[in-house]
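Comments concern the structure below.
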Amino acid sequence: MLNYLGLPAAASSHAGDIDHMLVLVHWLMLVLFVGWGTFFLFVLVRFRRGANPHASYTGAKGKFAKSTEVVVAIVEIILLVGYAIPAWAMRVQTYPAESDAVVIRVTGEQFAWNVHYPGPDGKFGRTSIKLVSADNPLGLDKTDPASKDDITTINQLNIPVDRPILIHLSTKDVIHSFGLYEMRVKQDAIPGMDIPVWFVPTTTTDDMRKKLGKADFDYEITCSQLCGLGHFRMRGFVTVQTQADFDKWLADQEKELRAGN
Amino acid sequence: MHSDQAEVKKSVRSYMTVFVMLMVFTVLTVAASRFHLAVPVAITLALVIAAMKGSMVASVFMHLSHEKRAIYGALLLTIVFFLVLLFIPVLSMMDHIGTPK
Amino acid sequence: MDKAATIGAMAPGHAHEHEHEELGFWRTYVFSQDHKVIGIQYTITGLLFLLFGFTLMMIMRWQLAYPMRPIPFVGNWFGAANAPGGVMLPEFYNQLGAMHGTIMVFLGVVPLAVGGFGNFVMPLQIGAPDMAFPKLNMMSYWVYFIGGVAMLTGFVMPGGAAQSGWTSYPPLSDIATTGQTVWLIGMIFLITSSLLGSINFIVTIVQLRAKGLTFMRLPFFVWAQFVTSFLLLLAFPPLEAAGVLQLMDRLAGTSFFLPSGLVVSGRPLLVSGGGSPLLWQHLFWFLAHPEVYVLILPAMGIVAEVIANNTRKPLWGYRAMVYSVAFLGFMSFIVWAHHMFMTGMGTTMAAFFQTTTMIISIPSVVILTALLLSLWGASIRFTTPMLFALAFLPMFGIGGLTGLPLGLAPSDIHLHDTYYVIGHFHYVVAPGTIFALFAGVYYWFPKATGRKMNETLGAIHFWGSFICINFVFMPMFIQGLGGMNRRMYDGGAQYIHNAGLLKWNIVIGFGAWGLGLFQIPFIINFFSSIKGGKRVGDNPWDATTLEWSAPSPPGHGNFLTEPIVYRGPYEYSVPGADKDFTPQFEPDKEKPGQSGVGRGGQN
Amino acid sequence: MIIPYTVEARPDTGLHNGKLGIWLFLASEVMLFGALFSSYILLRVGAPEWPHHELSVKLGAINTIILISSSVTMVMAWASLKMNDFKKHRLYLLATFALSAFFLVNKYFEYSEHLSKGEGPWHSTFFAIYFTMTGLHGLHILGGMVVMAYFLGPGAGLWKKNPEQFTNRIEITGLYWHFVDLVWIFLFPVLYLL
């Protein structure tokens, strides 16, 4: 079934669970629809006026209806208790420890994604809305020592493969929604809140390009919540790299940062 | 007229009793608020008194103590949804994975 | 003793004609207090709004099929502020989207399904001379009309109409242009209108049922209207409150929905802060989920009537259907946050709302099953209303079934805010509700006018619409599963992962314009049949419910003699009867008259 | 054409149309104010701190007493009709009207004091809620006054023609009025005392 649903390639450790659920629900839907649909078409032909000029007052008999209803209810309970509730708990209760994970802040604004890495010291610098300006969209306080090594990018998220990624999601203005389709991640960014999102990417961008046979493939960040006239173009990119490549990327950024100052 | 005069006279007496009780309760709430009780206690007390006053108004002035079934039915439904509306949004704010920024 | 006699008292033919003449044009046709005239006013206004809302969408589908290309024919009408050179701007796309949603739901379907059919049919089906509060009824219509017009003035406001989606999520809507203020004012009018209407409906159903018409003898349509009215009555006020709060945010500088520390376009927003954007979402969905059942229940009611009539047999499981519809109504108040899974819900709340969502799907399955099984043993007449009613079943089935993966939070992660959601709900509202409403128009047209609509044009309308509409909405599931987001001005052309899905936008476009073309036979049929349709008697469909005992069209006060009900609503093909339908109003042969059944003798 | 049960009760439900209608209306009002109270709870629970004693308890308490008294005069206006005493009815209704006017005057002083201190709805979440809730409540008072004015003026003629219907109408007005009082009974502690 999975092949027929046409989902984007899966690239995170929990994507399998979600795809599995989608497959199961769609099986349920298909069986019900085909079952009822066949019955429906049969009845339309069999009991058309021409074939059955006199209707029966009593109509259908038997426990057929009740048993379908009970079956639907049971399947739904299994889906809920067996899959949906545990899978959701996995997403929102068992966060990786900050020490094991790659911790990144992502802040939405009309119409871009600001990405903020803590740098080698592992600490995010102080930010303040008073300092926000065109070349400092996050309002990073340059006087705070912790901010000295912080790396910020716009619409570009680099992450290492096979490591838990913990993102602190927030927004400066309106609601946006952080969607990574291949990672099966979607989370609204709500003003006034810092919302944690985590996942473990399993395939680097390069590997995925090879796997799909598409040289121009890239993981994308979509904005899934209407946020104004630029909503449709609020796109970012994710580059999943090997740990070595990622470390090198960080070091390059660091060098650039120092050169800039 | 359906109810006879004597019955109305009797209810007038209960209106007056309720009036006096409402006044007493009002004074009580104001007085209680001066004692600077702990916040949860103060809130509970004030709401309990308000609920008592409210139910007196509803049952006596609005004759809810002896109303027809259709009206009880509609109100029961309303109360259920009222409580849902009052508490589920705040409960779901408390069961939220985000933290204030 | 009892005033029921008054219904009969005014009955004789010339008495009511006399009254008519006294009222004059304005009070007969414009500020009428007659539920039938008001029902027709609602119906026509509702249909026009539907057509308007659909037109907006046909224009949008051009932009989605051929992004940034000038809109043919009408492109130049919109002015440089909206579509310079005939090419739509993103702001304008968002306006059209928000207004399409609002118009279809609040100005089209609800007024048509509840205000139109409910008003016209329900009092007739329960044997009442009119609604319980005729003046209030008139006011509901005019308040609705004013609200609708107010909302449309947004299009000529500076900055254009509301453009934050029909959901109007703040902070976006708080900082939006003036069109949003008009939208809010319009909504407050619409809500008030619906409230007045729902009070009237409930009182009418409880108080004005004819002699012998117990609750378990009510036609299913009346039950659907009854439950719908409760949804309107109790779910709408929270949105009214929310609307007031948003108006305060926009006009009085409050921060109900604005937290502290917002930076908009690089500048700090100067408000006190301390609000919560999620508060709006709770209040909005507290209404809007019950609202979707407001859209579907009257539709199910119409389908049930048409199916019973055209199968020539009683509905299967009437009782189960009634209990299900009541249960559905009740449950619809506690599922709302399934629209909010992605806002950061914890495990407990998510479990609660997923469970209630799964529970609510069961009564829908029961109702659909009952309607399907009603076909067993039938003698099906494929009349135009029946075609639409039959199509409703699998179409609602698709829409309903695709609700299930949305209702499970983990699978909703992938589907939320994609075209899958758009596909889901359009299957329930368009080939579902709209088809049911078409069935209703064809079915009750003879009651309102004394003439039938043309069956050939009807069949063309049906088959054309049925085929086209599936080309519109089926591809949306493919797009949604592939990860195409909704509310995308360029149809998602920016994104690499959508590349393979864009071709469907063209298919959908042609589906939508084809659908538009196939409405022409309907419009022609509708207007030409008013004067030119085939004349028919009072009961052209050989139906059993009370509305068919009144003259077509019914006069002021509806019935010539006081209606008395002797049996359940769907006594078709009763064994031993001399014809294949035994109306509710026909006395039993053995005990003629049964005049012992007084108004009070029922429960 | 006459609509049945506008005056007398339908035997099986025991209600006349207006009575059921007004209760349904009040049910919707419960949900309207319910949503506002819900917003209040949600915003207050989410707020880092909440202001105390911003409002004058004295003015609030006076208004509570005024409204409670007006509820009593209202129910007496109805009871007088039941006892066939139209004169007394008018006196009580007039008293109710006057009390509601006092209430609004009091409210006016309260509002203008806060506004002059710059404590408008834009000032803080607390004042936003205070003005919205009391403002909406005030509009309900105003609506009730319009209805009372009608029954003191042109509407009073119905007593001669159809006393029972007139009594029903006053009863319905009363139900609405008690509800407005009831809302205030909750607003007062919630806004002024907590």
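Read from first to last, the chains carry the letters A, B, C and D; within each, the first residue is number 1.
By definition in this document, a contact is a pair of C-beta atoms (placed from the backbone, for glycine too) under 8 Å apart; a residue touches a chain by one contact, two chains touch by 3 or more.
Everything numeric here is computed off the predicted structure, so don't read it as measured data.
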Between B-C and A-B, the pair joined by more C-beta contacts: B-C
Chain ID, smallest distance between chain and overall C-alpha centroids: C
Centre distance in Å when subunit A and subunit D are each reduced to the mean of their C-alpha atoms: 50
Distance from subunit C to subunit B - Cα centre to Cα centre, in angstrom: 37
Subunit A and subunit C, separation of their C-alpha mean positions in angstrom: 33
Of all residues in subunit C, the ones touching two or more other chains: 202, 206, 234-235, 238, 261, 276, 278-279, 282-283, 286, 343-347
Numbers and ranges of subunit D residues touching at least 2 other chains: 13, 15, 20, 24, 27, 31, 34-35, 38, 42, 46
Multi-chain contact sites of subunit A, meaning residues that touch two or more partners: 92, 190, 192-193, 195
Those chain pairs that satisfy the touch definition: A-B, A-C, B-C, B-D, C-D
Of all residues in subunit A, those that touch subunit B in their complex: 92, 170, 190, 192-196
Of subunit B, residues touching subunit C in the complex: 70, 74, 77-78, 81, 84-85, 88-89, 91-93, 95-98, 101
Touching residues on subunit C, where the partner in the complex is subunit D: 2-4, 6-7, 9-10, 16, 19, 129-134, 195, 198-200, 202-203, 206-208, 233-238, 240-242, 244-245, 248, 252-256, 271-272, 274-276, 279, 282-283, 286, 556-557, 598-603
Footprint of subunit C on subunit D - complex, ascending: 1-8, 10-13, 15-17, 20-21, 24-25, 27-29, 31-36, 38-39, 42-43, 46-47, 120-125, 128, 131-132, 136
Subunit C-facing residues of subunit A, complex: 5-8, 17-18, 21-22, 25-26, 28-29, 32-33, 36-37, 39-40, 43-44, 47-49, 52-60, 64-65, 68-69, 72-73, 76-77, 79-80, 83-85, 87-89, 91-93, 109-110, 129-130, 132-134, 137, 139, 172-175, 177, 179, 181-182, 184-188, 190-193, 195, 216-218, 220, 222-233, 235
